[in-house]
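Each of the next two complexes has chain A plus one more chain, namely chain B in the first and chain C in the second.
Now for the complex of A and B:
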């Protein structure tokens, strides 16, 4: 009887989670508010999405669109935002620079009457869309993952009050990597052969900023940077870099240059004569293409993301639903970003008493105030904003409470036929760290 | 009225029409697109002066545009220089760069000039995006001398936002219109003034023109530098309007887009590039509601125009008017 009760409680919990969809805490909360609120009007709320739907970032851009579509359908099924259905409007930023991005954003505001702009990431200086949102006095939520956002909003907080980055900056990758290494050591899971780190970075600011964050803080963690190499992109001949690594073997190799093809070539050439080094790769290794190119050589590689779908109950329900709707090759890691952002906005707008139109500064500021105070458990973890930087807190680098920060998740490829498995941070880890087979115990 | 006077009258009419347009168009987005049209029309018109009239097939125009934008951005970022001062400096920097590139390549034949200017533009682009050293590090953010892959943002704008608030774009619109008026007037003076005469003479017979004392390289260099000045000047204006400048300015698709304006409108026609800029902007606007067809539309327009009307739309219009004029005279 006791067992049955326990099973029932587990089932009802899963049932609750399912019925609340994967919108985390937001779905139940929104449904509750909608059931109590009299519909303000039946006019749709236009959510503008300036996304890189074509060009170099199109693969992620399409996932961002899917994430919004899924969230919008779920929220509309629960009654929208205080009775008003969400209507999505997309603008293609073409993976291009500020002029195209700005034009796409302005089109969404002035032609489609977008009440909010939501995107994943875009290229350019990362200031074009904040400027569009500032001019139209509407909120703008993005996951550009750049420290440039924090510098921008801190330099002109009265102008960019509406721009919020719902993930941490790329600098967290550097800090998080060092924290991760220290935790591995302290927990006895890994004993580095020496204290040296070889850092390989590429030409993109994102890669350089992460590499510099590691380099500048390594000494604080008791590590020594034995190599800091900047490579051109694309690169397929890794001989010179590997020669330097082999001449002065590091205990750890951190590759922040993020092109998948280049990382795969590195790994294949590294495995011809591997050194006793733990390998971490930024972003590229998280894609299926990396495992396809490198095959078994990918097993043991580590990668991380500051915003990715968790492999816990909420995360898995979301990922299953996402793949069921968009196919097995769809990426919940990317789609989950805009999905979570739309939920966060819908909740903030509901709490603020309704959606603001473009140029309605007071109501939009009220929404932003609610957003600022929100603690939203999404499929990616908890989104909670730092009001100074207007970006999400990272767990565990910026908070030691997993319920108050977006987890910086580290994964390890265990089987080249499968996605990597989350190995940190606790409590989101699904498997322990394993020493890569090329390393000596 | 002489030819230059007639063209100035057309220019005045065009500028006047654009000046009253905000009374008819209230949508901010459309006004923003007209601002972009004016910017590209200036680049296209000066590219036409250089390629269509001076016979210099340069593919480095976006380099000069970027020089103006970067000069403005760097002056604003490092020295807080006012945009009103930065705009002409942007033009001057582009002109100086063009002078040195021109010295190196204008003795070469057409194809080599195109290759060399493109190569220099690509080299500069590569140097910018591969710059890895930081000149400062504020709050963990590495500042590269030329902005690296991020470029520069938060450039000081014209100052209309606090004054006009929601209608700030009107202020920008009229500043860009002023820059447009100055730049197209300069193009008209070059095409229909003494410089244009020299270009026509050199084009008719280089040897005869040289015998009459015209130095081909010198005149080409003057055209190269003057058009670069106005291209850089409008590049600085663009940087101020968008408050940013970055390596995407060198993007090949942008180069192709502006080139298509010149070809579609009509190379070696005075108003062809302006017409081409307007048409291509409208075409892309229609394309935006269809989907991912921007580059297809540009390519298709280029192919159709080159095959069916090599003189561009303005060439076609001139031919049709010419025939009507001849027929009416015969009938008269």
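Now for the complex of A and C:
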């Protein structure tokens, strides 16, 4: 674990305007509040970040850290949170289970005196960090993207009042994928070679829940599940799975096993002898590492995320600034998550009159109340919370108003040197769907 | 089951078995000759893989030079492991147990240093061959063929060195009875150094080839180390040739289970087979006696 003092205390006017735009509706609000605030203290606000900085999810963990660093620097340049600068403290959860995750979270509270915990996603049962936050009576913002979060907070709302998932649950992926396929068909953009879907999932509950959501609803959409395969992680030899796919060619392949490296190996081995199948990969393919490892074999792949950087004005300013700072291979899709979460927390804390320390229940509850009422237009779209599930609404599955939900975006990789292009949902789509080059028209 | 499916299982099994074999040879060598279960063997693979990456991607050297550079770095690291750590432990009581703990510590340290230097972001291994061969509906990549060929050559060469050369006799003599070997003029300390030099090189070669079929990451050696240990136990600890054959057999068995029952059952069934074999042949499939360092 290490503590990193934020850098760049001064931004140019142009830089400020750019970051204000990237920070969405939050930056201007924060700057306004800071200009009128008389700082109660100049002590830094410690934001604790328990992240998977090593292990299987490290590619994402590194981006989560970068997103926080970028947001902290921008917010500090605007005066911090009511005059108090943000200081980041990181804890490595090592892509491990509850024991390691819990230790990392507790160290951030006990040793670093973290006023809030912010993460992207972690593994385990997804109850370790909510428990740490509940014990310390501080807010915890995460993008675990699991229905287990909703079940947990609904089972004990008085215990887990501080835990908020700033994206929807993974159930949206299954429903959204089938909706997306139907829309592609109905709009005439895609005619499947047959009605079969091969589903490949992984060993963690998250991937399995998405796969089951597709499997259980496929018939309602007129599809048939021809293969349901669960793989181990890590996996490099895809021969047996590909042999089954080649023996009974599906029109669609849905990979919900999300590890980037494993998805990349699948794609490389698939392209040695491709079938006439549309390939959808859940999340992992959205990272630059996927394209870097896979090269040209990545072109044509579809991927989706319920929280990813949009390619509109706000999203592009953020993405450009992010890549300018962290390099062309950096992934704004992942970094934008924690970036947006820190902005959301900073706004809520400012609106509540200041940051609460650990065990200051009243002030931290006030922050949470402000967070609950927030409609924050981030580079990822609008974050608006459902107070019952303490998770963000998804557009279009849970609201038909794009200004009131986080868009479930579908992208297609068209050039392996570039991020995928958003092809759905409207109004965020930037290019039409194209039939992958390995498929027959 | 169609012929294509059978052929696919054979190709997949040989590919998987080859990577297992590569991972297992060096481990089997150090156990067979020194009674040393080297927990740093996995990180030696990682060091080899990253060395090839540095040579080919950062220094811009040709691929074969990158491979050779990886072997060199692996051997040097293996040698340093002996000179700085292992040789001070050889005469300690319960060497076999202590060395597991110490090499596990070294592995954690080295993995963290790699993490510090390269970060945890996964990279593509540049030292690999492109291209493939189609046989019916089954595709065999050039990299698969190279992996299989290198595994075969390294196992054969190691077995030949151990069984047919004066150097190999010195290693085996030291393994059987260190004091007697020293009385016969064998420099035991130097022999152990040579073993770790070879094991380091073998691990590095394995690391380059395994990372070519997966990706580079600081923890990439962990999974192959686990599999290598299982294979060494299955084959009979210390049996280098046996480890190679066992690796291929287990690879074929695992892929057949993956194809017929489902991918998630492959590794558990493989472990089940190992348990059954160990019950009936406690010294392993090819082991005659339990190797004991005196």
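Here, the second predicted complex is superposed on the first by the 367 of 441 C-alpha atoms of A that agree within 3 Å, B and C clash if a C-alpha of one lies under 4 Å from a C-alpha of the other, contacts with A are read in each partner's own complex, and residues count from 1 in each chain.
FYI, a residue touches a chain if its C-beta (ideal position, glycine included) is under 8 Å from a C-beta of that chain, and two chains touch if they have at least 3 such contacts.
Every value quoted in this text rests on a predicted model; they were computed, and no experiment measured them.
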Which holds for A:96: it touches chain B only (first), chain C only (second), both, or neither?
first
Does chain B (first) or chain C (second) touch A:53, or do both, or does neither?
both
Counting only touches as set out at the top, which of chain B and chain C does A:229 meet: first, second, both, neither?
second
Check whether A:243 is in contact with chain B, with chain C, with both or with neither, and answer first, second, both or neither.
second
After superposition on the shared chain, which partner residues are touched by A:62: those of chain B (first), chain C (second), both, or neither?
second
Would you sort A:278 into first (chain B), second (chain C), both or neither based on which partner it touches?
neither
Classify the contacts of A:156 with the two partner chains as first (chain B alone), second (chain C alone), both, or neither.
first
Can A:203 be said to touch chain B (first), chain C (second), both, or neither?
both
Between chain B and chain C, which makes contact with more of the residues in chain A?
B
When the two structures are overlaid on chain A, which partner does A:260 contact: first (chain B), second (chain C), both, or neither?
second
Both chain B and chain C touch chain A; at which residues?
53-54, 203, 230, 232
Along chain C, where are the residues that touch chain A in the complex?
2, 4-5, 8-9, 11-12, 15-16, 19, 115, 119-124, 132, 134, 137-139, 141, 210, 213-215, 217-219, 223, 255, 258-259, 262-264, 266-267
List the residues on chain A that touch chain C in their complex, please.
53-55, 58-59, 61-62, 203, 229-232, 234-237, 239-244, 246-247, 260-261, 264-265, 269, 272-273, 289, 292-293, 295
What part of chain A is in contact with chain B in the complex they form?
53-54, 91-92, 94, 96-100, 102-103, 106-107, 109-111, 123-128, 131, 135, 137, 146-148, 150-152, 154-156, 169, 171, 201, 203-206, 208-209, 212-213, 230, 232, 359
Using the touch definition from the top, list the residues of chain B that touch chain A in their complex.
27-30, 32-33, 36, 129-130, 132, 134, 137-142, 144, 147-154, 161, 166, 168-169, 238, 242-244, 246-249, 251, 253, 288, 291-292, 294
